[in-house]
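Provided herewith is a single structure, encoded as structure tokens, for subsequent inquiry.
Every chain is named by a letter (A, B and C) in the order it is written, and numbering of its residues begins at 1.
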Amino acid sequence: MPHLTLEYTNNLPDYDAQAALRTLAQAMFESGLFGEADIKGRAHCLATYLVGTSDTATAFVHLQVALLSGRSAEQKQALGQHLLAALRTTLPPGHGAVQLTVDTRDMDRQSYAKAVLAAVS
Amino acid sequence: MPHLTLEYTNNLPDYDAQAALRTLAQAMFESGLFGEADIKGRAHCLATYLVGTSDTATAFVHLQVALLSGRSAEQKQALGQHLLAALRTTLPPGHGAVQLTVDTRDMDRQSYAKAVLAAVS
Amino acid sequence: MPHLTLEYTNNLPDYDAQAALRTLAQAMFESGLFGEADIKGRAHCLATYLVGTSDTATAFVHLQVALLSGRSAEQKQALGQHLLAALRTTLPPGHGAVQLTVDTRDMDRQSYAKAVLAAVS
């Protein structure tokens, strides 16, 4: 916890997903809501996608943030806006039309299970 | 909003995922609940999957629909059935045994964040 | 229903994702909460990921379990712990530092839609 899942369409050919994950994880950490080592992110380049009902040249970048239940509605709203601002900075210069979206969702704290294992020597 | 995520197992070799996204986005639009330009879809071919507890030849196609909270239970139920019917039409002729599933989930409207950016010239 | 989605970072090079899906599906079935044929799993190897705010060598394996709403909090908590224990057994010997997480989430039962189709001859 928390988990970041970043998706971007492959008509953003210069999108640096690894750098974007660093930017977004930093924004998460700056929120003060999470421990640094707990932030886990992954990015997926989308090869088969659609905006609207027919093929278009529009791009999109979507971030899902999954965090343990317990944060207030105000904290989640502020986090969503903070991450959206961070997401804007990850776009390559000269990008085409693009939609940016951030979905913040709760994970059920009671049933969430976790183990942190050291390296096996 | 809304977001469609389509997954299909790679033992449906003739599955046309791009056409399926068009069919599903059209079904979303026909529901009257969403603006055309807001519908965003992506499809993933699954190479590592399992039905049941041992390897089988069964295929599955799973659609997740994420929409902003506020639709009624009846609207979501009708949408799920409408999308399931659309999903059936996307199957290739002569397909093998297959499970089709549609999961409609709410995204928290208050914390959802979005920006629509024009092309940078 | 239920759906298992397993993600593992590609710095676990000997991770056998197909075997892991079998182990996890078996653990699901042993819980007594699900029919065997209903369990559907998929695994994704993550090539672009991040733990913390800077690139590290830490690995993670994340399992999302999506099940129809109606199970009690106690059942979901027990299921999460049971799956975490199963997940531990899927790690390759001599693995590096790794975080294991299990997120159990409800799917809305009323709007969930499903069709089981036989092979078309």
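FYI, contacts are C-beta pairs under 8 Å (C-beta built on N, C-alpha and C of every residue); 3 or more make two chains touch, one makes a residue touch a chain.
According to UniProt, the chain labels map to these proteins: A, B, C = 5-carboxymethyl-2-hydroxymuconate Delta-isomerase.
Please read all numbers here as calculations on a predicted model, not as lab measurements.
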Contact graph of the chains (line, ring, star, complete, other): complete
Cα superposition of subunit A on its sequence copy subunit C - rotation in ° rounded to nearest 5: 120
Subunit B against subunit A, contact positions shared by both copies (same if over half, else different): different
Rounded Å distance between subunit A and subunit B, as computed from the means of their C-alpha atoms: 20
Multi-chain contact sites of subunit A, meaning residues that touch two or more partners: none
Residues of subunit A defined as touching subunit C within the complex: 1, 3, 17-18, 21-22, 25-26, 28-29, 36-37, 39-44, 66, 107-108, 110-121
In the complex with subunit C, residue positions of subunit B that touch it: 7, 9, 46, 48-55, 58, 60, 62, 73, 76-77, 79-81, 83-84, 87-88, 91, 93-106
